[in-house]
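Each of the next two complexes has chain A plus one more chain, namely chain B in the first and chain C in the second.
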Partner chain A sequence: MAAMAAERGTAAEALVGQVVLPGDLLLLPAHYDEDAEGERLRLSAGTAPQGRLLCGPGLRRSGAGLLVTKCGLLRHRPGGGGAYWVDSQQKRYVPVKGDHVIGIVTAKAGDVFRLDVGGSEPASLSYLAFEGATKRNRPNVQVGDLIYGQFVVANKDMEPEMVCIDSSGKSSGMGIIGQDGFLFKVSLGLIRKLLAPKCEIIQELSQLYPFEMVLGMNGRIWVKAKTVQQTLIVVNILEACEHMTAQQRKQALAKLSGN
Partner chain B sequence: MTRARSPSFARLSARHPHGAAMKATPLSNCERRFLLRAIQEKKRLDGRQCYDYRNIRISFGADRGCCIVELGRTRVLAQVSCELVAPKPSRPTEGVLFFNLELSPMAAPGLEPGRQSELLVSLNRLLERCLRDSKCIETESLCVVAGEKVWQIRLDMHLLNHDGNITDAASIAGIVALCHFRRPDVSVQGEEVTVYTPEERDPVPLSIHHMPICVSFAFFHQGTYLLVDPTEREERVMDGLLVIAMNKHHEICTIQSSGVVMLLPDQILRCSKITAVKVAEITELIQKALENDQKARKEGGKFGFAESIPNQRITAFKMESAAVDTNDVEEQAGEIIAKADPPSEVFASPVVHTPGTAQIGEGIESSWGDLEESEKEEAAEEEGESEAAAFECVKVETEDTSTLKETKSDEPIVVSDSEEEEVVILEPQELPRKTRTQASSKQENPSKKAFNKRRRKKRTSR
Partner chain C sequence: MAGEVKTKLSKNLLRMKFMQRGLDSQTKKQLEEEEKKIISEEHWYLDVPDLKEKESCIIEERSFLRCEDLVYGRMSFKGFNPEIEKLMIQMNSKCKEEKIEEDDKMEADVSDEEMARRYETLVGTIGKKFLRKRDQRVLKDDDEDEDDEVEEGNSNTRPSKRAKKMFLKPQD
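Let's turn to the complex of A and B:
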């Protein structure tokens, strides 16, 4: 009983969509069921949740439930065991396995390239991790080039490692990014918003004029349009999206397409 | 901790040796190429023209001689302080001036704290030449007793955010802070030197002859293209930099050229003409800012950083504010007070436990958590009730005691952890929540505990 009294915290469901702060404790259904029933003996095994609960970014499992480690809005996705995560507005990127990011080559060191991905330390990329690359046939990568790749190793104890091929050896869009175009940085929150399926911003922008774009989960965006002016417009709109409401954005775009 | 022996064990790198700062983000080839192409087409990233400055914002701190200057996203904080010191033997009648600019990783991850990098040394030297060697501050007037006591004026500048053109931002911040500063008045009678507090005599401003301001020009493509006020990324691709310090009387105070670019006399003359225009604009802005601040201080209006720096919106993804019902807060509070136990008996004289000890304060519970407004709101809030309840308790408690000044409860301090368990037994339907009272209850008298319980009961009946 005493241990239970020591639990302070709120039911995770009650806080979905609300602001949570680091240190908040979220209780999961299994836990407060126990609390409510007190020391009464339960005959049935209870309703064990089907599937495993996923604990996303900004949350950490702690004995009783979930401990919040970032401030932001608590999100929940039902289905299976369900998933909780915190939608935060940060700029510092922390590598996560499976993330697609844009890296800048900072050095060529023997068999590997060193890439700056905006994390706390550079990522490594083997020269064999490109489509069709062999010992003889090396990819043409120069220092300062941009590379779009995926993390295969990203944990707190080891150097992050990237590849530019998928499990079947195909590039599937990854590899060296062209020499033209422009790279800029936005917040991680905006990147997630842009990467969401059917993102309004991208759809509206694509109606202006054709352009190429690469979005990295590390907050980097590469844009290339036909002219410098057009590239600059896209860059400025995307940068401004951070502070614009949907309505303001539509007005700005209407103004542009009118010209 | 044992680490898994994996094939990639060798790659476990020893990260972050002591104090090593993070590396600055490298500039990619495509950025460099794009920026140079844009400059050729006379376009800048932020839509400025070649000779345009970014927006300049000057805000003053609550103290004299403290200001923040924002040049676009570059921000510099400047603070002036003074001290009475012995003068240099070579110049016994002149005050001492000291300038220092600091770059820290707060401004940009690539900057290291406390290290005299080449950039830092050159910036400091430039600012020194701009502010000291131009003789804009009269040092003779800083003398108190010749050869014995003079004022040392110290100007500390900190880069808060780095987005290019630190020189201009720091030079503006420096001169604004010096103009804003007031030193204590002193009088000399015979051998005796009296320094007056601001209450006794109004502090006096420094005598400043003119305001030198630096204007930076970045050159690209071997000096073919020229930009005023380069941003951080423009600075990275530039070939050369020319800094001209000038005052509004069109007197050049310092001129410095760096990088690998050959400049023609015509170019320098053109730059000095642009400088004259920019300096006139900036000087006017500084004077307006100083006047506004002076007015605000005189009228007793609001001033200081908290007032003058707007809340910057971080993002457009925001939540709507939730309405909080505060109608019945007073009745609720009244009810609680009425129901509460009378405060425990009191006596006026302080308790001295052993000779030689003293008592600090009135011996009652600290009331530092007494945030009137926010508590009331929170009390009415249905959600987060546990917290609100705790707050309210504290508040009532302090109210009670504050009416009886010079009081002290003679109850011994009860250190108990058991009360929460009791509470759970009292109301089995309620979620046992550990509230903030736990932290404070350790030093409370029993009346409050009883009160806590009642409060909880009330909640369940509602």
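Let's turn to the complex of A and C:
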């Protein structure tokens, strides 16, 4: 009958960059305490945060601090009020508002297209959500087309909805992805690695051949190069680079550019 | 009969507009206050002390986009798709606002002074288009007057035009 001691959390700052497991409680510095009334203005030696703390994916707000809900590495970003999130590995995508994804058109139902985005439900896309689309001027979308768009509605209670324009009405690169090319799926962690600013993999690949690439946050990548062989080479590198070290990757690329 | 009717007018009837025209402002105000009192007494309220909303400093976010600084998902390399390469520069520089300000100053094809000069003349020329016929004729005269000072060769045509405009009395 050992009574479990009340779980005491550890300071969030101490665990940045380390593995956290679901159920861990992270304590935040005192100035985020909700019950501190009127004490927020005290001049502490540490940095006084301006704005609110962002509690990213994998974390949940609980009374005393943040509760971890996914296993992974804890990351922290100090700018803009600070943000904590858990960097976890996942293959299955869950629609999130604001994410840019590649969808495959599966059906046309009147005024609305049904897209498969790899989530639990097909997303809907209205034909008016393209740049320059009017009731008379409909976009030329067929079943099986690839579409790059972003979510406007994505929660667990409703069917996700996508649009191919941004808030000012411009397409800014979204819309139907052209002919040819190759679509394949990778894990979500690799996508985020590739989308990081100054990603080495992307820089090395860009030296190889001229090619075009679209990365969707749902794990889908579309690649198009001049010949089929070049396209397949790029695809194979992207798929394999998740499990290669930087050196192996450089060796592989050196072999290819040698050929 | 009339006397009974006077004394037995109902409250609702007295509240009607046509009955209140004769009343003076004070009685009107009183009636209004009574109405308000009745309405507010009918309202229900919770006899519980106000709960203070806890202002939390933590926002929950499910998207990685706001946590990490991710670049735009559409890319093109070595000139494969020039439009997308332009878009890449545009989207990725949105984060760095200083660059955008510099670019705006450098990329102006037409300087501000030239724009101002153009507009001055432009407003005049397009304004003429919308003048009514009478005003247009007046404008023409003015123009011709100005031209007169510069070009004296056209003076021959001037009197004949002017003659056309004025009424010529038939000679007996």
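Just so it is clear, the second predicted complex is superposed on the first by the 232 of 259 C-alpha atoms of A that agree within 3 Å, B and C clash if a C-alpha of one lies under 4 Å from a C-alpha of the other, contacts with A are read in each partner's own complex, and residues count from 1 in each chain.
Quick note on the criterion: a residue touches a chain if its C-beta (ideal position, glycine included) is under 8 Å from a C-beta of that chain, and two chains touch if they have at least 3 such contacts.
The model shown is predicted, which means the values in this text are computed figures rather than measured ones.
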Chain B versus chain C as contact partner of A:L146, first or second or both or neither = first
Scan A:L25 for contacts with chain B and chain C and give back first, second, both or neither.
-> neither
Chain B versus chain C as contact partner of A:A129, first or second or both or neither = neither
So, does A:I165 touch the first partner chain B, the second partner chain C, both, or neither?
-> neither
Taking the superposition as given, does A:D116 touch the first partner, chain B, the second, chain C, both, or neither?
-> first
Considering only the touch criterion stated at the top, classify A:I201 as touching first (chain B), second (chain C), both, or neither.
-> neither
After lining up the shared chain so the two structures overlap, which partner does A:V68 touch, if you call chain B first and chain C second: first, second, both or neither?
-> neither
On chain A, positions contacted by chain B and by chain C = 32, 35
Which part of chain C faces chain A closely enough to touch in the complex?
-> 54-81, 84, 87, 91
Which residues, counting only chain B, touch chain A once they are in their complex?
-> 3, 8, 11-13, 15-16, 22-23, 25-34, 37-38, 41, 43, 45-47, 313-317, 319, 383, 386, 420-421, 423-424, 428-429, 431-435
Chain C-facing residues of chain A, complex | 28, 31-32, 34-35, 49, 52-57, 59-61, 66, 75, 77, 83, 85, 96-100, 148, 172-173, 192, 195-197, 202, 205-206, 209-217, 224-226
Spell out the residues on chain A that touch chain B in their complex, using ranges where they run on.
-> 1-2, 4-8, 14, 18-19, 32, 35-36, 38, 73, 87, 89, 104, 106, 116, 118, 120-121, 124, 142, 144-146, 153, 157-159, 161, 177-183, 187, 189, 193, 222, 228-229, 231-232, 235-236, 241-245
